[in-house]
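Below you'll find a set of structures to go through.
Next come two complexes built around subunit A: one with subunit B, the other with subunit C.
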Partner chain A sequence: MKTCDLAIVGAGPAGLAAATEAAELGLDVVVVDENARPGGQYFRHPPAGFRPVGETPWEKDIRRGQSLFAVLGHPRVTYLPDAVVWDMPEPSVLAVAAGPRSGRVQARAVILAPGAQDRPVPFPGWTLPGVISAGGVQNLLKGQRIVPGTRAVVAGNGPLLLLVGANLVRAGVKVAAIIEAAPIWRRLPAELVRLVAAPPILAQALRYRAILAHAGVPILAGWTAVEASGSQAVDQAIIAPIDETGVVDRARRRRIDCDLLVTGFGISPAVELPRLLGARLRYDALRGGWTVERSADFETSVANLFVAGDGAAIGGVELALAEGHLAAQAVARRLGRLHAGEGSTWEARWTRLDRFRRGLESLYRPPRSYRALITPETIVCRCEDVTRAEIERRRGEGAASAVQLKAATRMTMGRCQGRNCLPTLATLLADWAGTEASAIAMPRPRPPIRPIPIGDLAVEDLPPPDLPADPHLPRGRR
Partner chain B sequence: MPRRVEIAVIGAGVAGLCTALFLARAGREVLVIERGAAWGESSGANAGTLSLQIKRNEVLQVSRRAIELWRDFQEIDGIEVGFEQIGGLRVATSEREVAMLRRSQGEQAALGVETEWLDGNRLRDMAPWLGPDVRAATFCGWDSMSVPLTGGPGLARAVERAGAVLLADSNVVSIRQDGGRFRIGAGGNSIEAERLVIAAGAWTGQVCAMLGVDLPVAADVNMLTITEPAPHLIDRVITHIGGILSLKQYPNGTCLIGGGWQGRGELAAGTRETEHVSLMHNLRVAMQVVPDLAKLRMVRSWAGYEGVAADALPLFGALPGVAGAYVNACARGGYHQGPALGEEMARLMLEGRTGLDMRAFDPRRFA
Partner chain C sequence: MTRRIDQGIDRGAAFRFDFDGQPVVAYPGETVAGALLAAGVARFRTTARSAMPRGLYCGMGMCWECLVVIDGRPSNRACMTEARPGMRVETQRGLGGPERS
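Here is the complex of A and B:
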């Protein structure tokens, strides 16, 4: 088994910052990342060999990313790209699936920096071709230089909509409208005092706003997409006003022609590994749903297991960078490589960024629920094609809990392992029980955390198994 | 006021539901008491393997009858149990295992279960997808598979249609025998029954202890893994002479891999987790037998309890020393045998004797 001082899961902003700090402080580091190339979502860039024509708008981000990637060549850093952490049999052990490089890594401390995933919000037509999540569109634009449409509507909630809208405009797409569920214009004056805490980020947001204004893109605040219509692919987005409690006013609905409907209802921390290890979680609707409880050092309730960045609670790239540095410093202190009080220049920055975050999340506070969008015929589980009506029929037959509904409908059992439907199931169950999604018991996560090729389990050297002499007798507990 | 019934069945897994089904069909008044949800534990979490040739000699007759009943559930009663009689291959991968397989084949033939010996080209012709390490196999035309996930709700509805009543979320906390009747405290309910069947799977030891009977029951924690849907690859139920592999591909393309590899867990604590290294060994055996599995992606693994008596034979019959109480639980491979064990239990309670020879399963062997 490979050993190191610190194992980092994820080579996005938080993971790279943690690796940089840890390598400088003299720790032996292993960085495991799912992607073929470092940078995560934010610093995503085209594969080697792509020759972009002219300067692309995120060239500056890419250059900033490149300087972060340098750490991966550091002599104390082992970088495993294209590598999935599929199990953590103990809090100090990562089981890595990476083709011929598969095997376990034992670390004295672990920093999880897995980032976030799109928060699924189903509505009629959301599975039509041409309806793409904001994260997916960003990947296509940044990672592949693919423009997935000609006339777009960008709908959902959160600051990412401005960014995606501006990127689409700069890529030559006609953006018909930005549809923002939160009444941001009404809330903006009250939040300005906190938003000025991070002037560079605010300036960037204003730049995106200016690009959209220059292209004549209207921003409708307090509206939501309620349906994607079209037979083979989306040809219209249907939108309607939504209030802060989630009530939709369908009488005022409008249709907008488009061949691309970008949906971005916020992002959620990828909490699978902390959940698997039994780390304490906390439901926080403003930070993406289930978030990881952490100490001031970003340590979870499981000793020597840290989480940095959006993988713990949504905060964005700058906060993720700060948390990566701070978590690595905490690990170095724990391992005796750094004295208390040293190396804390990131703390003041984190505090300022956190103040900005509080302003931003208050500005963009989403409606209490999107359940009004989930009509009976809406597909909730897109791997197994399970509609809300089917879930309700099974519920009528007695399947009451998430686990029973899962068994009865096969929802959550597809390739996405429930990532696209479990949050919705929690919403529905909470609704029926007259409680909050935070109170709903979810099925226990189990390895593999991501689907992995079975062949990857044949790589590691293992001692031969202890086989039963009589296969029929009780095997006994381990 | 306690609820009065003729027969109370404790446990709504396969053993309890099938017992209730045959009793209710005979016109008896039956209440099934379940601590959680019907089919919520081992019956819903097992591999659905209905392989006759992997069974111990003592349970061959029961297991053969059970396959007929599973087929009837699907084809006559219209219960969606996913039954498919595709035949099975029991493989051997070493000289020692080949000898074990030969011996087992002979013993089974003597008991009236014929299998076909396959090796060399004949084996590759039938199953070209087997790996080079597989030296021989026996083919059993009885071997079948089912889908545990969908079978439960269908069977529960059939039990209710037959007239029995299901009481879920009612954990039995006390049983007293009083004036020839059983008084059962379960999840806030008070129930009075003339007769009682304990079909509580891994929890059977705990329930019998409430009546002062000590039965040696252990809880194994069996692991299973399922793959993503894949193109058609495996068209037989695969088992292993060493008892370390079960493998099948369902019509939706997913492959289910098991073999009794042990996870971690404690019945008392309600924990049942996968065990990393054993899971790797389980999947390595699967890849040794069917190498093409290496290319498929695994999507989920899980672990479920299996209640097993010390000698791994069913606990079936009258509970020693407690008139009117019966036990029907803890058969190794009990999911497979459940329908026949239910049928025989109903027969024993209604007619005082069984159709098949069930003497080896009498719980008095532990008294």
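Here is the complex of A and C:
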């Protein structure tokens, strides 16, 4: 078992910022990340073999990322790439699966910086090849310099759509339209007062808008994708207006030819580890659904367990960097390496960015529900091919709760472990019960929280388990 | 149009791997998913239960939709696997086990 002052889960913006701050303050740090290369999604960069030729729109972010990666070579920092945290048997212990490097890390404090994932919004045809999440398209562009189509429709909700659209235009793709569910043009005047709190981010958004305008890309606000059609891959996106209550006007639907439908309905914090440890969560529809409750120091309800960045509540890269620094300072204070009142330069920045975030959230406030998109034949659980009709049939047979529907349909039991269907199941259950998704009891996550090769477990050098002589007795009783 | 962005990047020396018997071009450091998409291949597998076509979806290792058979071993995430010269990649049918025809 490896021991350290601080273990950080995730080498994206928040994790790297936390590692930088902690190493500077003299802490011994272990950084565990499931990707082969650091940067998370935001600072995803091309492989070492790709050599830049001249200046492209991407280079500034790459250089910024690389200055953050420097901390991974710091003498007080141990970096474990290609390593999955599959369990935390205690709040201070990480179980790590990493082939022959598998094992456990014991830390005096832990900062979780697992980031976020695209929020799944099912509609007919969303499983067709060529329908790709906004995050996935960004990764292909940033990490591979590859575009997965020639004629694109970008549909969903949130500021990421402008960025993906502009990036596709710059990559030479014909972008037929941006389909934004929120009526942003109508709301914009009222939100400007908060949006000016972060002038560089606002300026960036205006640049993306200009790129799209110059390419003649229409932005339809108050519209949504309602279907992707095609047999072996997408060949058309079908769109229709949606109002703020979630009612879709299918009579006004339009078809747009495309071989790439990018869907981005916002992102959700990856809360599996906090949930596994029983940390208190809070439902916040504007910040991605289930978020982690934290103190002003970014500590969860579990002592010495901190969460920074989008993994706690969606806020974007600049907030994630600030939270990484602030959480590491809080850990250093806890461990007596920093005195109260010291190292607070990030606080004012966080407050300003948070004001901007609130403006942006209000501008992009999504329709109350997307359930009108989930027709009976729509696949809800992609891993196990479970449709809404099948869920309703099982419900008719008596499976009433999330746990019962899980057992009856196998939904949430596939390889993605519910990441792509649990939010939808919560929406449907809430709808049937006449309540909010926040009120729905979700199945308890269990380790391994991600699929791992069973051989990785055999590498661990653990004491033999205290098994009862009678296998029917609970563990630890004889 | 090419699906590789050539502006501002020198990819180094191309190599090939095999996809369902056809050669596919890749560059060092590219993922299997990247190279297949650059070659215009969108469908990576069919599902076990309904034989529905699937391809890359999340692009970050989370959804397990982009599974392919590599050198006879099923269920590799194409988005997380680096392409290597001479590797044999196949469309995964269902669970990709030896029962596939």
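In the analysis below, the second predicted complex is superposed on the first by the 458 of 478 C-alpha atoms of A that agree within 3 Å, B and C clash if a C-alpha of one lies under 4 Å from a C-alpha of the other, contacts with A are read in each partner's own complex, and residues count from 1 in each chain.
Convention: contacts are C-beta pairs under 8 Å (C-beta built on N, C-alpha and C of every residue); 3 or more make two chains touch, one makes a residue touch a chain.
The structure presented is a predicted model; accordingly, all values stated were derived computationally and were not measured.
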item: Which of subunit B and subunit C A:Ala340 touches, first, second, both or neither; value: neither
item: Which superposed partner A:Ala203 touches (first subunit B, second subunit C, both, neither); value: neither
item: Touching partner for A:Arg415 - first (subunit B), second (subunit C), both, neither; value: both
item: Partner chain(s) touched by A:Pro451 [first = subunit B, second = subunit C, both, neither]; value: both
item: Which of subunit B and subunit C A:Met1 touches, first, second, both or neither; value: neither
item: Which of subunit B and subunit C A:Ser133 touches, first, second, both or neither; value: second
item: Which of subunit B and subunit C A:Pro89 touches, first, second, both or neither; value: first
item: Contact breadth on subunit A, by residue count: subunit C or subunit B; value: C
item: First, second, both or neither for A:Gln404, with subunit B first and subunit C second; value: first
item: First, second, both or neither for A:Ala296, with subunit B first and subunit C second; value: neither
item: Where subunit A meets both subunit C and subunit B, residue numbers; value: 414-415, 451
item: Complex contacts: residues of subunit C adjacent to subunit A; value: 1, 3-5, 7-12, 27-31, 33-34, 37-38, 42-44, 47-50, 52-65, 79, 82
item: Complex contact set, residues of subunit A against subunit B; value: 87, 89, 95, 397-401, 403-404, 407-408, 410, 413-415, 417, 446-448, 451-455, 457-458, 460, 462, 465, 467-468, 471-478
item: Residues of subunit B defined as touching subunit A within the complex; value: 37, 39-40, 44, 56, 149, 152-153, 156-157, 168, 218-221, 227-228, 242-244, 260, 262-266, 273-281, 283-284, 286-287, 293-303, 308, 310-312, 332
item: Contact set on subunit A toward subunit C in their complex; value: 34-36, 41, 46-56, 58-59, 117-118, 127-133, 135-141, 143-150, 171-173, 232-233, 259, 379, 382-385, 414-416, 419-420, 451
